[in-house]
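First chain A sits with chain B, and in the next complex the same chain sits with chain C.
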Partner chain A sequence: MAQLFPQWSNTVVRIAFVALLALPVAVPAALMIAVRTPYQTGEGVYREQPVPFSHEHHAGNLNIDCRYCHHTVEQSTFSGMPATQVCMTCHSQLWTDADMLAPVRRSLAFQEPLRWRRINKLADYVYFDHSIHVNKGVGCETCHGRIDTMPLTYPTEGFQMQFCLECHRNPERYLRPRSEITTMGWEPPVPQHQLGTRLLETFQIHKEQLTDCSICHR
Partner chain B sequence: MKKSTERARHQGDVFESIGRKLAAMTSGGSRRGWLLMFAFFALLSLIFLYTIMLVFTVGVGMLGINIPVAWGFPIINVVWWIGIGHAGTLISAILLLLRQGWRAPISRFAEAMTLFAAGIAGMMPIIHLGRPWFFYWLVPYPATMGVWPQWRSPLVWDFFAIATYITVSLLFWYLGLVPDLGSMRDRAKTKLGRRIYGVFALGWRGAASHWRRYQTAYLLIAGLATPLVVSVHSVIALDFAVTLVPGYHSQVFPPYFVAGALFSGFAMVLTLTIPMRRIFRLYDLITSDHLEVMAKIMLAAGLVVIYGYVIEYFLIWYDGDEYHIYLAFNRMFGPYAPYFWGMMFINVLLTQSLWFPKVRRSAGILFAVAVVLNVGMWLERYVIVIISTNRDFLPSSWNTSFGTWVDWSMLLGSLGLFFALFLLFIRAVPAISIFEEKELEYEHEHEESGRS
Partner chain C sequence: MTGNPQLYSISTLLVVFLAGLLAACDQRMAEQPKYEALEASALFENKQAARHPPAGSIARDEPLVSSDPADGPPLELNRADIERGERRFRIYCMPCHGVLGNGEGPVVQRGFPSPPSYHIARLREANLDYFFQVITSGHGVMHSYADRVEPADRWRIALYIRALQRSQQIDVERLPQFREPVEQAATSDNDTLMPTRIGEQGQ
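So, the complex of A and B:
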């Protein structure tokens, strides 16, 4: 009787055996890597805005306080986006005929707000409040990175749950005094763990409650 | 000298006839009858698929569950189906290690039964999830959520128990098939058939070195499968036992669940064996002795189950807890009383019929008893799962929920899927192990020749 299988089938079977062992590891591993790539998280990816606003120029070079534009960050869940009038505080006097600022002038003339596009997105089942974080010593920089070095704004974090939990589990590693909330490139004057532990007490943060499901999922 | 050659020739003939008969089962019997049966069960499987889709797209509200009855039919079904699987593992692993020759003709399809039952059981908890597409959250993997499954929860143990069980059952079943796949390859009439069986036979040539490795591997997997007979259903029992719900919270559950599993499992093996024996005329391979042994195991397991009932209600009386006593009252005289008394009648009274050799040796009666006992064991899970929660601590939240048409269709559909898979299995591979039958025959002959 002739051979049932040609000789190369041995190789196929060997490859199949290796694949049978390797694929159950490789496929999930590839997926796990994929969800962490900027393609998925949006980390470091610019978004087109109606006006190419530069945080590097305004927050960095000019040193305007974050809260000048994001004025509800201390009282509200939402940090607040500046009204056209806020831009016009300066730009009614400065660069009044710059092409770049034409959409801002149009917005004022037609009473139509600028439509900024959201950069930092959280899942809709997450309850997030800016005010509690800012008031309990979480600096802008901690989540949004060195915004003062960004000519165009991009998120430095994908805001996956592990990112939130990292701080909710060990808040003392990240806290800073309230006076330094908006400081960029802040260095703790004393070792962070000492300062952090002290701040936990000052702000009355009950660490053990911070990882309750209902803290973020309400 | 001449006599021994004659005997050898005779033995060769017997071997050949066993091989031919068992291999022919894949194409034997009535083609039309098979098709009709398969069409019927395939249709039921479609109903299963339909109900699953309904639950996945519309939501678990399609099932008869609501607070306080949060666990409904899918949970009853998972316990029932996984229990059925246990008989296969007992037959193939423990009885193999104990060298019980009578397991040979039933082990292969009992293992297939285990595999299909465990597969269906594995689907049930996923159907029960509100968001089934996240079922993989039970797997401990480095998720971007930064959280891991709750190791203290028996639901996680459950996941591991069932996943291990399915994996080991599949390996065990496949490994046991390899030599027979070799025979099927050599007997196949078409080239395609030879090739398909050939791929799965993994180059089996029946060489002595093959057999030596094969037997080592088979014993090893049997050793691995042995603890699963006890552990899987114990873990399922812990899902209930670690809660604080009267009726769930009971120390007797793990051993009592294992006994119940073997009880219902052997009932299902008999439910499958008896018709198969008749259709394929396997009276010389599966004799009344085989039926009797299985019936005896069933009786023994049934008595342990009854002992479990006694202990359960004794403890209710003994601890004197108000809620616990009310639970017993609710089971006996509450809105689900027919389920309770049905279970008692079947599992306690009907089991006693197995004391009579006439029942144990008569295929017809035994078949009827086995089918009804399957129902009885399903009722037992109904009593545990639903009648424990429907009236909980707070009377204002009491709720009586019965299965909806989706629940019942899903149960029926899962049975359809099970039998449809079984019918496919009978057609694809020898449902009775050819080489083990030959081995048994060989040992038999040797015993006789040793005596003469």
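So, the complex of A and C:
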């Protein structure tokens, strides 16, 4: 009688055993990698907004400072979203019958705020504060990318923990003078490591504590 | 201990493994039942979580700067105030009035009604409190900026406009050499950490 199992079936069984053992590691690892992909974190994904607002036009071509619209960014954890009135400081005179802007006019007429959909969103167990970053020389561009080139706004960062930590360990690599906070495409006038170390001192940043869990999870 | 020790250790491993999977469950830590800024709310009349402070209330740390221009600028304004005025001007006024205050900002170039130049005689002769007044209540097609420019900053902007007006009247030959070297300018960072009171600023 011929053998029931051919010679190679031994190998198959061995491989199967190894695979079975690796499974408990491989499955969680795959899941952990999956949640960190841009697909999951939403990097680079546009969202439908009530008005197709273009940062490229307003912040880029017209060179309007971010703070004209996001005006609490220096005082508050929240950067502030422009009220309908803010759009109207210009659009009461400009593009007054454009269909694109109909929701803005409706919002003004009915006193109903526009509902922008959030693009950047941290989990609620993370504490974040715009004002401390902006006042200590971290530019918008460092976290939000070249907003001034976006016809529709999308996130350039998934804001995983490692992104925050990467800077909190060595903030001097990213710091800029306070006057350049909202500048897009900024280049340091002197080598960044020199400028950064000096700014670290000027702003009195104590980076030893910046990686404590309780800084962000409080 | 009774039973098969091998079975025991295998089931321990299994429990540990399954417990690990729990971590993938939604623990509602990421979406906590709390309001975030500007979130919608069914609780209040205006359907927003954001509330207006009661009329007339003052935050504890708010600088006591009157919003009535007749009271005049608080304390005296110094050079740091003009500099902050310049930065505020570039944010809130430059889009229409232009960097030079001649009324040719980028938004005007796209068709917004053209504001008068700051360098006309009437505005050169206007008092500082007139500029304060215009920022507070607007003027013609120009809306009020009171929601975004706090009273102290309105004085600083007014002062900067005055400086701008003077700068256009100066004999260029007599200008001192004022440009700092780029490197120095980049680190001598004299913008203030949220200035609290005019004339009292750090750095």
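Here are some notes:
In this text, the second predicted complex is superposed on the first by the 188 of 218 C-alpha atoms of A that agree within 3 Å, B and C clash if a C-alpha of one lies under 4 Å from a C-alpha of the other, contacts with A are read in each partner's own complex, and residues count from 1 in each chain.
Rule of thumb we're sticking to: contacts are C-beta pairs under 8 Å (C-beta built on N, C-alpha and C of every residue); 3 or more make two chains touch, one makes a residue touch a chain.
These numbers were taken from a predicted model, which means no experiment stands behind them.
Looking at the superposed arrangement, the partner reaching more residues of chain A, out of chain B and chain C, is C. When the two structures are aligned on the shared chain, A:Pro177 is found in touch with chain C, with no touch to chain B.
Of the two partner chains, neither chain B nor chain C is touched by A:Val45.
By the touch criterion stated above, A:Gln93 is placed in contact with chain C alone, chain B being left untouched.
Of the two partner chains placed around the shared chain by superposition, chain C is the only one that A:Pro188 touches, whereas chain B remains out of contact. Of the two partner chains placed by superposition, A:Val18 touches none, neither chain B nor chain C. By the document's definition of touching, neither partner reaches A:Ala34: not chain B, not chain C.
Put simply, chain A uses residues 28 to touch chain B in one complex and chain C in the other. Remark: chain B residues 141-147, 185, 194-195, 198, 202-203 touch chain A in the complex.
In the complex of the two chains, the chain C residues touching chain A come out as 17, 20-21, 24, 29-32, 34, 36-38, 40, 48, 87, 90-92, 94-95, 106-107, 110-113, 141-143, 147-148, 182-183, 186-187, 189, 191, 193-194, 203.
Against chain B, in their complex, chain A makes its touches with residues 4-5, 13, 28, 32, 35-36, 158, 160-166.
Against chain C, in their complex, chain A makes its touches with residues 24, 28, 31, 61-65, 67-68, 71, 74-78, 81, 83, 85-86, 88-90, 92-94, 113, 115, 123-125, 131, 135, 137, 177-179, 188-190, 195, 198-199, 202.
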